[in-house]
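Down below is the structure, laid out as C-alpha cells.
Order of writing sets the labels: A, B and C. Residues in every chain begin at 1.
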Amino acid sequence: MRTAAAPAIRVGIGGPSLTRAALVLGVGALLLAIVLVAAVALGSVGVSLDDTARILGRRLLGLPLAQTWSPSAETIIFDLRLPRVLTAMLVGAGLGSAGTVFQAVLRNPMADPYLIGTAAGASLGAITGILAPMLLPTLAIGAGTAWLGIGLVQVLAFSGGLLTVMLVYSVARRGGTVHVVTLLLTGYAVSSILAAGVAMLMFLSGRALGAVFAWLMGSLAGASWTSLAFATPLVLLSFVLLMARWRRLNLLLLGDGAAAHLGVDVEREKLVLTGLATLATSAVVAISGTIGFVGLVVPHVLRLAIGPDHRLLLPSSVLFGASLLALADLGARLAGGIPVGIVTALIGAPFFLWLLRRARTPLMP
Amino acid sequence: MLLGLLLAACQPAPPSSISPTATDRVSASATRSAAASAYPLSLTDDVGRTVSLASEPRRIVSLAPSNTEIVCALDACDELVGVTDFDAYPAQVTDIPKVVVQAVPDVEKIVAAMPDLVLAAGNHQTPQGVLDQFDQLKIPYLILYPDSLEGIYADIELVGRALGATEQATSLGAEMRTDAQAIEDRVANAARPSVFYEVSVYQGVIYGAGRDSFLASMIELAGGKPVVGDATGVIQLEDLVAADPDLILLGDAAYDPSVTAMSVAARSGWGQMTAVTQQAVKPMPDDLIITRPGPRIIGGLKALAKAIHPESFGG
Amino acid sequence: MSTPRRDALLAVDGVHFDYGRRSVLRGAALRVERGELVALLGTNGSGKTTLLRLIAGTLTPDAGEVRFHGRAVVEWRRAALARHVAVLPQRLELPSGFHVAELVEMGRAPHATRLFGASAADEVAVERALIDADALELAHRSIDELSGGERQRVLVAMALAQEPELLLLDEPTLHLDVAHQLALLTTIGRLRRVRNLTVVAVLHDLGMAAAFAPRVAVLDQGRVVGEGSPATVLTPALVRRVFGVEIDEARTADGQRHLVLRPG
C-alpha cells in the first residue's frame, strides 16, 4: 500500500508544470506590456517616448513629475490613445477567450465567437441605434447624450447579440438536447435573416452609410474611458467564471457522451459556457463593432503552440488576443484611420491559410 | 436676452458696408473685441444642443469645407487651426493643417491643434463617435447642418455670434438675402419647368434631389419644379421616366467628364424623356457651390437659375 | 435512497425505451450484484447498447426503472454518479494535443477538490490506474502517437482513475484485433478481482463472452430472454433462435467448454 504523499513514480499530472505555465503566461504578459507602450507612444501626432512615459507615470502611478509637455499631448496620450489601446486589448482578450470556449463547446475548428448569431444580432442592434435618430427625429437630441456612459448603439448592440444567441439556442433545442450541427445551422439561418435586415437598413441608411460600414468592419475610433468602463466588468466576469470551468471545457473536448460519463451535466454546461462566452462577445462587439479573425485565429494558433489544456489555453488566449488586436489597431491608426477589422482580416486570413497548409494534422480541437 | 438686444441693435447695418476690403478688417477686429464682453456665451446649434463658450474662440477647427468658408467669410480665416483635406477655398486655407483626411476626422490631430471651438458637420458627416469624444474631452463644438437658404443665413449668424463677429455675420446674411431675392425676382414670372438634378448615377442607382432636401428647395427658388426621389435622394428610373422632367442638370459632370448630354441619351431607358429629346440636358460645372451650404451659395443659386431660365439672365 | 428491502447494486426493472416510433426495449430486467461480471449479448439492434446507456444515465427510460444503490439512476446528480460509475466506450475521438497522463487525469474530474492543480489522492489514483491498465510506460506520450491497442489501454486507465464501483463496457473490443481483444478482456477480468469491480460489458463475440464472463444476459427484441452462466444460457437452441446461427459445443483436454460456430 502506497501512501498518498510519496508515489513511487512521478507520473506528472496536475496540469502544465509551474515553470511552463509561468513561461507561457510570462511571455504573453511581457508582449502585452511592450505592445501597450508602443501603441500608446505611436500615433498620427508625434509625442516623444519620454513625454509618453512621464504622462503615464504621472496620471497612472501618481508620480510627482513636473509637467514638461503640452496639455494637448497629455490629452492625446491619456484620453485618446490609452483608452483606445486598452479597449483594443479588452476586445482582443474577450474575443480570444470567447473563441476558445466556442471552439471547445462546438468542437469545431472553424468556430468563432460570432458563429451562432452574436455578430448578426449585434450588427442589427447597432445599426438600428445608428439610424434611430434619423428614423425618429425625436431621438436626435437624445442620441448624442450618453446614458450611463454608453450610447444607444452600444446598448442595442449588446442586447442584440445576447438576444440572438438566446433565440438561436432555444430554436436549436430539441427535447432538452442541443446538437452541435443543429446549433450551427440554426445560427447560420438566423444570422442570414438578420443579415437581410442589416442589408435593408444599410440600403436605407443614406448618409449614415459610412457610420454603418465602419461599425460592420469593426473600429476602435470611438474608444473612451466610459465605453471601457462598460465592457471591462462584463469581460472580466465572463473570464473569471469561464476560468473556473476549465476542467469541464477540457472534458467537453472528449465529446458529449464521455463528458457526461465523467460527471458533466452536458446540456446545462453547454448553455452556461455559451452564455458566458456570448456575454463577453456581446460586450466587446458593443464597443468595437464586429472585428473578425481574432476569435478564430488566436485560440487556434495557441492550441497548436501550447496544447489544448484550457487551464493554460484560456488565459493565454486572453493575453495574446489582447496583444494581437492592439497591434492591429496600431497598424490601422498609422494607416490613416482605416477600420481595424480590415487589418485583422488582411493579416489574419493569410496567416491562417499558411497555418492550414503547414499543419500536418487537421486542425481539430 | 441680452444677446437678443445686441443682435437687434446690430440688425440695421447697411449691406454696402460688409464687402470684405482691407479697411473693413480693422473695423472688424475692433467690433469683435467690443463683442468679447458678451462671453461667456450660450448658443444653440442646428441639432438643438446648447453650447457654452467661456471666451472668444481664437483657435477654430472646421470639419467641413462649408464651415471653413463661413469662418473665412467672417474674416476669421487666421483663426482656423485645422481644416479638411478637401478644403481649397479660399486659397489661403490650403496651408492650414488637415485634421480630416479622406473624410475621416483624426481626433488626435484635432486635439493637437488645441481648438477652443470645433465646427462639425451634421447628418453623420462628422461621425457620432467623434462627437462623443469631443463631449468627453470637453472640446466645445457646434454642429452645422443647414437645410435651406434660411438655414445657411442662420448658421452664418450662429458662427458670427460664436466668434464675436455678429456685425459681419448680420450684414453678410442681409447681403445674401438681398441677392437671393434679386434672383428669385428675376425668375418669379417665368414658367416653371420640371427639373431633375442628377447628383450621381452609380450601378444603376440614381441619386437626385431628396424629398424636402436643401437641393430641392434651391431648385424651387431658382424657378424650377424639382423632380425628387426619396428622403435619401434615390429615385427609381421608372419614377423618373414617369415624371418626365423638362430639364436634366448634371451635377456629377463637374467631377466626371464622361458624364455628358450624349452619355445620358445613350443610357438605356433615358432616351425618350422630354429633356433628352429636347436637348435640355446640361452639365453643371458649378455643382460645388450649388451643393455646398456656405456663403457662396447665392452664386450657386444664380448658376441654377441661369441653367433653368437662361432667358431671364440675358442668355 | 432508503429502500425497505435489500436491492442489488444494479437493478433494471421492466424498462421500456423507444427512439421515436422504433421501440428498442420492452420490459427489460436485470440484476447485477456487487463484484459480478455480466456480459450483455444480442444481435444488432437488440437494445444492448441502449440498456447500457440507461444504466449510465445518459438516456432516461420511458417506463420502468434503473436503480443503482437502490436509487433511480435518473435521480443521481451526474457528478455523484461519475464517482461510482465509469464507462469505457466503443471508441472515443480523443482530442489532439493531450499527453496520456493529462487524459487519464481527466478521469479524476468527478473527484476534483482543487481549483487548478491535482491533489495527492489524484496523483495516486492516476498512477494506480496507469499501472493497472498496463499503460504506465505511455504516461508521457502524446495521445496522437498511440496505436489502437495503446489507446484502448489509456481509455481503461482513464476509467480506472474514476475509481468506480461499476464499470460499463460498450463493445470495447470492436475496433481491436484478436490479440488486443484477448489482452483487454484479460485485463478487465484481473481488475474485477484486484479492485473488486462490478462490470457490465456489451460484447458482440459469443465465444469471447462465454470464455470471460461468469454470467451472461441475452437480449432479444427488447427483453432479456436468457440469463445465467454461459453454459446454461448459450445453448445451441437459444443461439439459433436469437442469433440465427448454428453452434457446436467443444470441450478442450482440460475440460473447458468452448463454442464453435458452424459454417452455414
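Definition applied: a contact is a pair of C-beta atoms (placed from the backbone, for glycine too) under 8 Å apart; a residue touches a chain by one contact, two chains touch by 3 or more.
Just so it is clear, the model here is predicted, and its values are computed rather than measured.
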Where the centre of all protein Cα atoms falls, which chain's Cα centre is nearest to that point?
-> A
More Cb-Cb contact pairs, comparing A-C against A-B, go to A-C
Using mean CA coordinates as chain centres, what's the chain B-chain C distance in Å?
-> 83
From the C-alpha centre of chain A to that of chain B, how far is it in Å?
-> 42
Listed in rising order, chain C residues that touch chain A in their complex are 56-58, 78-83, 85-87, 89, 92-98, 101-102, 104-107, 109-110, 112, 115-118, 120-124, 126-127, 130, 136, 139-140, 144, 162
Along chain A, where are the residues that touch chain B in the complex?
-> 43-45, 70-73, 75-76, 79-81, 130, 140-141, 143-144, 146, 151, 153, 204-208, 210-211, 214, 219, 221-222, 224-226, 336-337
What residues of chain B sit close enough to touch chain A in their complex?
-> 47-49, 101-104, 106-109, 111-114, 123-125, 127-133, 135-137, 231-233
Seen from chain A, its contact residues with chain C in the complex are 2, 4-5, 7-9, 11-15, 244, 246-248, 250-251, 253-255, 257-258, 260-265, 303-304, 307-309, 311, 361, 364-365
